[in-house]
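These notes are about the structure you will find just below.
Note that the chains take the letters A, B, C and D in the order they are written out, and that residue 1 is the start of every chain.
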């Protein structure tokens, strides 16, 4: 083998649309931000890695877009791992705790053992107090009345002021930073460098851009997705939106029902759903069945009337 | 191959000393605990995994203790990964944040989005306010005077009471739990199931039982090490203490110096340290050099006088 | 808190149906096997971990089966990570290479540097030579004619015999085992202890029980799934079959088409598919479009005629 | 906060010495190579990540070199994870199996299911047949006599030729590539893209540049270390050599002995070693004790005579 001949010198990979925003902070919440610090790879790097499989003797079988869509559709994740991005983020600690549950990233965080804590916590404006969702035990829906909101926001402002006074007093008296911080609110801002590969980043975004994700972290995820990843790897992003964000999965049971319904066999579908235990009655009312409700929502999104 | 003959039926592995404390809570801090929920493997499992390498034709070369010590000494980590343990812990959130930086564990945590927050934060007693270390920017040393401590503890008690009132009022007014919690103090207790293999657990303990670890998490690490792991895998624990906790590493430079000093060549050692830049003078005083200071500490622990 | 009162002593978790096969080898291929060496957890452990989230004040909202199905359906993977299993396997090296691409497991493998290699490679019987698939570049379909197969199998037998003679001669002459092995065939058997949590095991099984997986590794995956996991965690296994193995995902584009078709708007569906570029013609024939073909297969599995 | 003001636009990070060799293949073994395809970060990125901890109000406390050495010395690994490199390698499969045991990298490998196998296996020259080590069960030392080597190399050449004929015949007869490959030798070359962060790469190099690593993989590791990493992050590389490659660790027992010896208490040292069980006699000869031998080697490297 003459490797010298076979391979030419390479130039570093650049994506101009991403270079244009390198270092630029995108504002999030009242005092947070996200900036791209560095990155490696592009749509083209995904294609390049996938084509290692074909070896030197194989022709270019498909266009880049088609290949990237194929990889995404069939969960061939390793080529997406060939791209890497490093972000600098400023995030409230309660959102950050959800964030770092994603264990596949590299992290360097601001240390409040080493340094004085960032003197900012997320402030909630009077019209932004969210109500507990009645349907979703871990969600919110709608907002508190403004009069109540004003009271809560005032109270919060005083509380924050009180907490920072106490923190500062402890520091002045010589209390160790690692202990002085113990009563700071969960929504105090922290900063971090966060580095992750594209495959794991898309997994993060799928979960955190979801409507069930908490609003605060969702704001960050939306910026990362729509302002950063979309500019970085536009073909991978398009495939991600088609095959992940906007796709729906149907279980074995749901596929059986869907087949019957599409073939105008609503009676048989109802019979089958009854066998699944989805249509139990109590006191003349349908008993709540999450599986049934979720299927009904899918039918509705397809504009198909439910058969029962 | 007659596999039926070759292998006998196995019985589940048990370690009686660990079975005796299964489910039993060890108290930590004022309201925390650790309990063993389940485990898999024993010292014997480490040996068994290591011996896969030898194949069927090889005799038992060494006793179990010797083999485990050999594996530990030479950083052969995979046999230790064959043991797994699951703990139920109750920990203040600021210690928990340090805890889950160890990314190789499995975690299920109490959700304050789903449920009302645990109404306990760590209370600091008047004599327990630690002073900022002057040497170590992220450490503490000594305690605040008791009169000052009394004031800080009183103030903290009022603050906690105020915060819980505000939290409860928000909940009563219907604010979503995910948002109502935002001003809880960092030292609020959380609970989690935490599952990890022995190799990664020992790595965790090495870092968190270290004197530089923050006191709060160190308390947990000490219980896990001395009350749990020691009972579970006594041979691995002994090896861990000898080769990790109580070992010291000497750099290339330090080995050169040590050799000179042990051969009574203090002048040459001083000359060499000067070349390393460890003995710079400014205004007739030695300039601070961390590398030199750390080496001097090692010499002192060996009862060897420093040569300069 | 009175932790002593709150928690009772625990007993080790056992699943009787799995205990019954502990250590028993299941034969795979001509000389391979799989045995369960140890395990931790059960269906009940999944439920237990999920319920940590609810805290003490919450009632048991749903039955175990419903909860496990909910977790599986919504990709809440952490409770499944609370179960762990350790297998002893004997596998040909080419299948083993695919196997250990799953990076989330713990592995101790038989060492042919340390010991003489296992003197067995997979033998292919005359009727078992598979033909290259014409559709799937990395698949096989159908079998070679028996007369040809006999020749290939004879030739292989001689080759194996030749290779083992050469290997043994090298060893006798004192060549290092690490080098003597270099010409052993890829299908030589190796052995390993392999430990993995249930979430990652199910991911492994989803990929390796798939009809596109290579036959050899699929045989192992089928035993693990149907003979081991099914006995270990029957509720999780049932949910896995419904929501993973036998589910189908529809992309954004496919959902749009499905909605039109189910509402008898075949013309509009055809129009839309044309816009997607799925219905390009060349020389009066439909150009091959993988996305279209995969959608047509989904329609066929639902007994829905394609609209174009 | 005025984030716009606080942060300036960034330029992509480049290391000129590494850019100069981007894409250039380094030859390894008879037909292998390593090329750098892409990278992210530099020595400066390590420093930048470490300084996140200090926050905005802290001055630059130390020079970059000192900081990097401090991080390496104290096993602060996360800043090193901020650098990432992607290599294209051509490696014999038996070395590749050792390679991918390092689970923290991203991999895309040449597929012999999809494509015809690379028709090259490592050829061993007559003078390169290594002898089994008598001391180290998994090592080699010295070489076979040349006359024997000539015979083995001739035999190997014929074997390879035979194997490739059989492989090609199977392919011609239509046997699936995934099955036709089963008798290729373990030393057949494969290719892969391999991407890893600097922390994990250094860990890989520590193990694979070690004299106990198999010669073949060591050749690759040496190129990566000395030709690539050294050019990429020269300060981190220097620290790695001082604190990892050329350091030595002393166990608790060894430290006790070293202290006694350095203080001319050889008798007490001998007494202590006897208590450790290091000096057992059998038939008037010292019984082999690995722990004692390894300590004696350390003493020798320090030019300190053993005390017994």
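One rule holds for everything that comes next: a contact is a pair of C-beta atoms (placed from the backbone, for glycine too) under 8 Å apart; a residue touches a chain by one contact, two chains touch by 3 or more.
Nothing here was measured: the structure is a model prediction, and the numbers come from that model.
A.B. asks: Going by the average position of its CA atoms, which chain sits the greatest distance from chain B?
C.D. replies: C
A.B. asks: Using Cα averages as centroids, what's the distance between chain C and chain D in whole Å?
C.D. replies: It comes to 31 Å between the two C-alpha centres.
A.B. asks: CA centre of chain B versus CA centre of chain D: separation in Å?
C.D. replies: Whole-Å distance between the two chain centres: 27.
A.B. asks: Rounded to a whole Å, what is the gap between the Cα centroids of chain A and chain D?
C.D. replies: The separation of the two C-alpha centroids amounts to 36 Å.
A.B. asks: What residues in chain B touch two or more of the other chains?
C.D. replies: If we look for residues of chain B contacting two or more partner chains, we find 107, 111, 114.
A.B. asks: If each protein chain is taken as a node and each touching pair as an edge, is the resulting graph a line, ring, star, complete or other?
C.D. replies: Complete.
A.B. asks: Can you list the chain C residues touching chain A in their complex?
C.D. replies: Contacts found on chain C: 66, 69-70, 73, 241-243, 246-255, 258-259, 261-263, 290-291, 294, 301-304.
A.B. asks: In their shared complex, at which residues does chain D touch chain A?
C.D. replies: Residues 1, 3-4, 6-14, 19, 22-25, 27, 31, 33, 35-41, 45, 48-50, 52-55, 57-58, 78-79, 81-82, 84, 86, 88, 106-111, 114-116, 118, 120, 191-193, 195, 197 of chain D touch chain A in their complex.
A.B. asks: What residues on chain C touch chain D, complex-wise?
C.D. replies: 92-94, 97, 100-101, 103-104, 107, 111, 113-114, 121-122, 124, 129-133, 137-140, 144, 148, 152, 155-156, 159-160, 162-163, 166, 169-170, 173-179, 181-188, 214
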